[in-house]
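Listed below are the structures to be examined.
In what follows, chain A forms one complex with chain B and a second complex with chain C.
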Partner chain A sequence: MKLPHFEYEAPGTLDEAIALLVAGDGMARPIAGGQSFVPVMAFRLAEPSMLVDLRNIPGLNKIEIGAEGVRLGAMVRWRDILDHAGLKTALALLPEAIEHVAHYQIRNRGTVGGSLAHADPAAEMPTIALTCDAVIDVVGAKGKRSIRAGDLFIGPLMTSLESDEIIVSVLLPAWPATRRWGFQEFSRRRGDFALAGVAAFYDVDASGLAQNAHIGAISVGDTPLRLTKAEAVLNGRKIDDATIADATAAASAEVDPNGDIHASARYRKALVGTLLSRALNAAANRKA
Partner chain B sequence: MKVTFTVNGAAVSADVTPRMTLADCLRHELHLTGTHIGCEHGVCGACTVIVNGDAVRGCLMLAVQAQGASVTTVEGLSLEEGLTPLQEAFKHHHALQCGFCTPGMLTTLHALLSEEPDASEERIRDVISGNICRCTGYVPIIEAALDARASYQQARGDK
Partner chain C sequence: MKPASHHAQNTYIGGHIERVEDYRFLRGEGQYLDDVSRPGQWHAAFLRSPIAHGRIRKIDASAALVMAGVHAVVTANDIEGDIPTIPFRRPNPTIGPYAQPIIAREKVRYFGEPVAMVLAESAELAEDALAAIVLDIETLPPVIEREAAMSDKVLLFEDVKTNVPTVFNADKGDADAAFAAADYVIRDTFYTQRQTALPMETRGLLAEWDAKLGKLSVSGAAKLPFFNRKAMAKMMKLPEEAVDYIELDVGGGFGARGEFYPEDYLVAFGARKFGHPVKWIEDRREHLMAIGHSRECSSDVELAFRKDGVILGMRGSLYINIGAYVRPNGMTPVRNAAQFMSGPYRVPAIHLDAYAFVSNKTPAGTYRGPGRYEGCFFIERLMDQAAAGLGIDRLEIRRRNLLTHTEMPYPLATVLPSDGRAETQCDSGHHLEPFELVVHDSKWAEKSALQGTLIDGRYHGIAIGSFIEGGASGPQENVRMELHADGKVGLYAGSSAIGQGLETILSQIAADYLELPMDRIVVFHGSTTYLKEGWGSFGSRATVMGGSAVLDAAKKFLAAFRTHAAARLGVTIEEVTVSEGVARTADGRSVPLSEVIADGINVDGSFKNQTPTYTYGSSFAHVAVDAGTGHVEIVDYVVADDVGRIINSMTLHGQVMGAAVQGFGSVFSEELVYNDEGQLMVGSLADYLVPLASDYPVVRCHSLENWPSPTNPLGAKGAGEGGIIPVGGVVANAVANALSSFGVKPNVLPLSPSRVWEMIEDARAKV
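Now for the complex of A and B:
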């Protein structure tokens, strides 16, 4: 469907962008790559009075790898992540997950900040942010603040961002080189939204036991989810077939997904377990 | 709003409402009807055009966002009279039937092979997973793309 009417500005600074959002009084919306928000408007899920395009604001498209971790600018595109050689070692889970984002053409325009602000529980980036304990830096009329990923996503397509706030960057904390990880998702067709997905990692202590387990799930709730019961199963144990089976059962038991025309709730519960099992097997078999 | 950009090497400008997509602008304002519009929400790939070298969905980009950009449509793949090697390969392999998806297939594959002339069959399959064809079953399209790689490798300067 054709888009609803809106005004359009593409300011050159964050301050101007925020002023436009303030003037819009809750009805103006920022737009980054537009790969989610243009369809949202086509479906009339949003009818903003104005789009404030962030494309002319310099400095938002940097990928920085440092001691504190990986910082992705809000306007970093999926293909920038996939083309970046350093990320494959600094935070291998990220490019592995981003390969599953939509299609080639969409990966050429879709952005990190846009996906986080869109907050689709079926998307990869929000779950990766949540799983990795990411911190999202935003700026608005009242100044800057940092939001933990767990506090950003409050419902389907809903965030704790104020209407005048713009995501500037996201920090994914540094990974020890020996971290074990896996990412799995399942969709009917390549590039479709996942029916379910799992991102998992853990560290191995001196006695060979898993610690610091983090498991995130895609598409089985109103927001990205952490599977804390399955994480608790892993911590302090050796990751072998018995542990994986226990974690799989815990994961399936702790999620309460909705069924829809694409997959029933029961199917999604089972699928989360299967995907976690595959992710943990990949993690355990990965050469550290 | 006035928007100025280049299409297939020529400078163009159009007076558009902000809500007009790039695909609609190309078709209705610039009369380049080779770019097809299928789903209008970023699923079918028929409207794929090349913006600053990247294949993008013409329905998920606003015309006003093309300000200053360099856009290539299916009409611009060949500025000569004849077909490009990729188009010849499509003809040879019967990689089209109704032709509706073909402009998007050609622009997507042109962008891919220009950047990755050695793209594997797996890579080609992954890339055109974002383009829906209801006639061919995709196999001839993939055969055509694999065939056309040689001309892109040559263009890169391979022997």
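Now for the complex of A and C:
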């Protein structure tokens, strides 16, 4: 469990960082908080030639709340999100979900950009990004581009990022004040990776019916998932027990999780429904 | 027997005394193995079998040997003659061929078995080199589970023709006659999962060879340094005096750490062969595949009752998966499960067969409460089912069968073949006392209304169970007591400190009997350099055995003080009395202890005892089960035990509560899962789920000292393991009680969320 040999640089600018990644020819890796990737290296599951530490690059750790929404710099740490008073009203789903990230020490180190780039389907941030229609800004040797969350996550621990691209920030579009939301996650111990998790929100129209339903699921697929069939159940209906029961059934039916040493596939499939039911009840009962 | 204390009050013994060790630990001054390094030391890393069962064709280390910083690669070919096997601690006539060789030569028999050792300039370089060794192994069919193992279709040891090294029989009375005469019989099958003790500090060793003196020094000893010294000397073909075992601070043992493992020999072999100190720290991944596993036990057992709920007999079979080899203590859980399944209950007729079978998994050993946790789970589940079947209250059926003081000493079943402890008996006690205390303190009467009730989406349930805990493993313990130049009393103990507060306990006992303040006592422990012979800390023995040896030494120490003082005062010994560190004559003259330093006091004390103590107690659980997620919350947990005599209520409660929480890990989350190929699927603490500090906030405990043990002058009993023993049975019964409307039978552990939910779903599907 000792780290393999690697070179280490901590450049002061994005341009320098990108140059180092280009020079690494696919074998250099950017590193932020190191809470996921360093253990991967210790298990010798990855042996990069160089780690390019982003910690000295200024401007990547801002949380900005504006008309377009919430922009989180890639080096924003979980602790920054939890300590930020404005987020609790601007996008309450986000701190609620981030509360579930691992443990105290890890939340002090882990970063938004690192989690998105690591693309673990059992992690909170990728599913929150997907559920909220987030857009991820990256920069690389060929310049800047913006990637929709749905296009970023392409497999377990796999993204559409090029090896010389660095995540700069993520934009979570602004929420109307009347949005209803819920977040539920279940793990074997507090702080463990979720056996399953659900993030859900919807808007209520003038006639009291749900619209624009978004449901994301954690840890029940190779990537973060949107539960589109369950969303379709909600849209245009009043969120009552019957609707919730239908959405719950739809959610369980549309996921096809794997079993592992912690839980059977059958259990996980049902758990998604249970958690969605609880999330929707919380959403419906929440004071707007 | 009345406790030997001559102090009515104002004693350290029995107090709530802070641990003397903690000043050092809390200041970061603990000295663990990883804190120790030597100039010129090499680091070891082990190449381990990547498959469960196979035949080694070739090991090619040439690419590793040319890597910078790599000094050597040791394989079985470097061992001259036969590969040494690790000696048994508790031998029996049939286990010889199953002993573990210290390195695999022809065959590998478990995932993680050492096949080569790299010695390099750093641990990192040693680990790098592992990847460069080419290991060519022919795969053999793996034997993973009971059915495959016991069929003997594929043999682990072709020469012995069976995968079952020993079947232990536990017998008492005529079990078949008891069942023939029974009004009611309850029979069921159970399973406790494979686990490990998981001490916080992984294993590690630093071996040094002094070629001039021909001496081997091994730092990193724990649990039983003197036995391991003998084992090492035997395997190294060295005189015993040529081997020293040095005990540093130890971050937990729990029965697993400190036994002799293959790496222990190989690290020492490297130091001796190459003349460099060799250091090895086990990483957590290899810890999970290398240290002793335990608890993998299935059973098919039955209890016979009279219609009034009185137990007439117990019968059945236990099947214990002991892994690929019989390790030094590998048979202890097997024979214990058979002998102690009757636990605290009056069971007049017993016949149990306990099968130990080998498989292609990591070899097993002891883990806190070995065999007793398993047996307690089985019988407590049967007791609750019998109560329902007979229509008797769950408290009442226990009251009718718990042992009372009028029956002491109470013999348990005799276990054969004998490992030296075929017969044993509960030494003292009245089991109804802690039971009624728990009934009262848990508010059982009030909470009875909860049973199976759904409140805010969760089903509530309660249960109670009882246990016995064996302690005071023999045969002997030694201490030496010496007056130091600074006037302090050095206490050199054969007992080991594995994190349990040994220095505190022994200091309390010595201080009381010497009538000195505790800070005048300095304890040195666990190293073979202090004493000619010692035993260590296992089987909940250090307080009883080590503490009683301290009494013996203290008596001799005071006698020596009197002798020296009498000489200085020019009187006979009889004319001198000693109290609080001062020798006095009737006419008022005195000599303080500090004045006889030059005369020298250095005395040996010992305590011999082959009779175990039996702490006993009861525990209660109130659980709330979330049927949607399968999560079980421990709403309340109460445990009471009678330990004969309380030495330190604070460390005692630490033991009991810590053991209870460790037990919750056993019931809910810890499991060493293997796949069908025999690969261990658990590689880190993200997979092996030990309880976290915040998981189980409510554990309450009470300690009694109503019935001192007659086996030792302190009247004390071992108390390090009892807390874990009842947890499986009590929690499973509480879950069954909570889910009584579904009729589920939680007979398979662990009660993971997934398993609890599936039990409910399957029960719903049947309706």
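Everything that follows uses one rule, which is that the second predicted complex is superposed on the first by the 288 of 288 C-alpha atoms of A that agree within 3 Å, B and C clash if a C-alpha of one lies under 4 Å from a C-alpha of the other, contacts with A are read in each partner's own complex, and residues count from 1 in each chain.
The working rule: contacts are C-beta pairs under 8 Å (C-beta built on N, C-alpha and C of every residue); 3 or more make two chains touch, one makes a residue touch a chain.
This one's a predicted model, so the numbers in the text were calculated from it and none came from an experiment.
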Contacts of A:3 with chain B and chain C, given as first, second, both or neither: both
Chain B versus chain C as contact partner of A:34, first or second or both or neither: first
Touched partner set for A:44, first chain B, second chain C, both or neither: second
Which superposed partner A:68 touches (first chain B, second chain C, both, neither): neither
Contacts of A:241 with chain B and chain C, given as first, second, both or neither: neither
First (chain B), second (chain C), both or neither touched by A:191: both
First (chain B), second (chain C), both or neither touched by A:25: neither
Chain B versus chain C as contact partner of A:55, first or second or both or neither: first
Contact residues common to both interfaces of chain A (with chain B and with chain C): 1-5, 39, 43, 189-191
Contact set on chain A toward chain C in their complex: 1-5, 39, 43-44, 186, 188-193, 195, 261-264, 266-267, 270-271, 274, 277-278
Footprint of chain B on chain A - complex, ascending: 1-8, 10, 34-35, 38-39, 42-43, 51, 53, 55, 79, 102-106, 108-109, 189-191
Chain C residues touching chain A - in the complex, by the definition given at the top: 123-124, 127-128, 131, 283-285, 628-631, 668-669, 671, 673, 681-684, 686-687, 689, 691-692, 694-695, 752-754, 757-758, 761
List of chain B residues in touch with chain A within their complex: 1, 17-21, 24, 40-42, 45, 48, 54-57, 59-62, 64-65, 67, 108, 112, 125-130
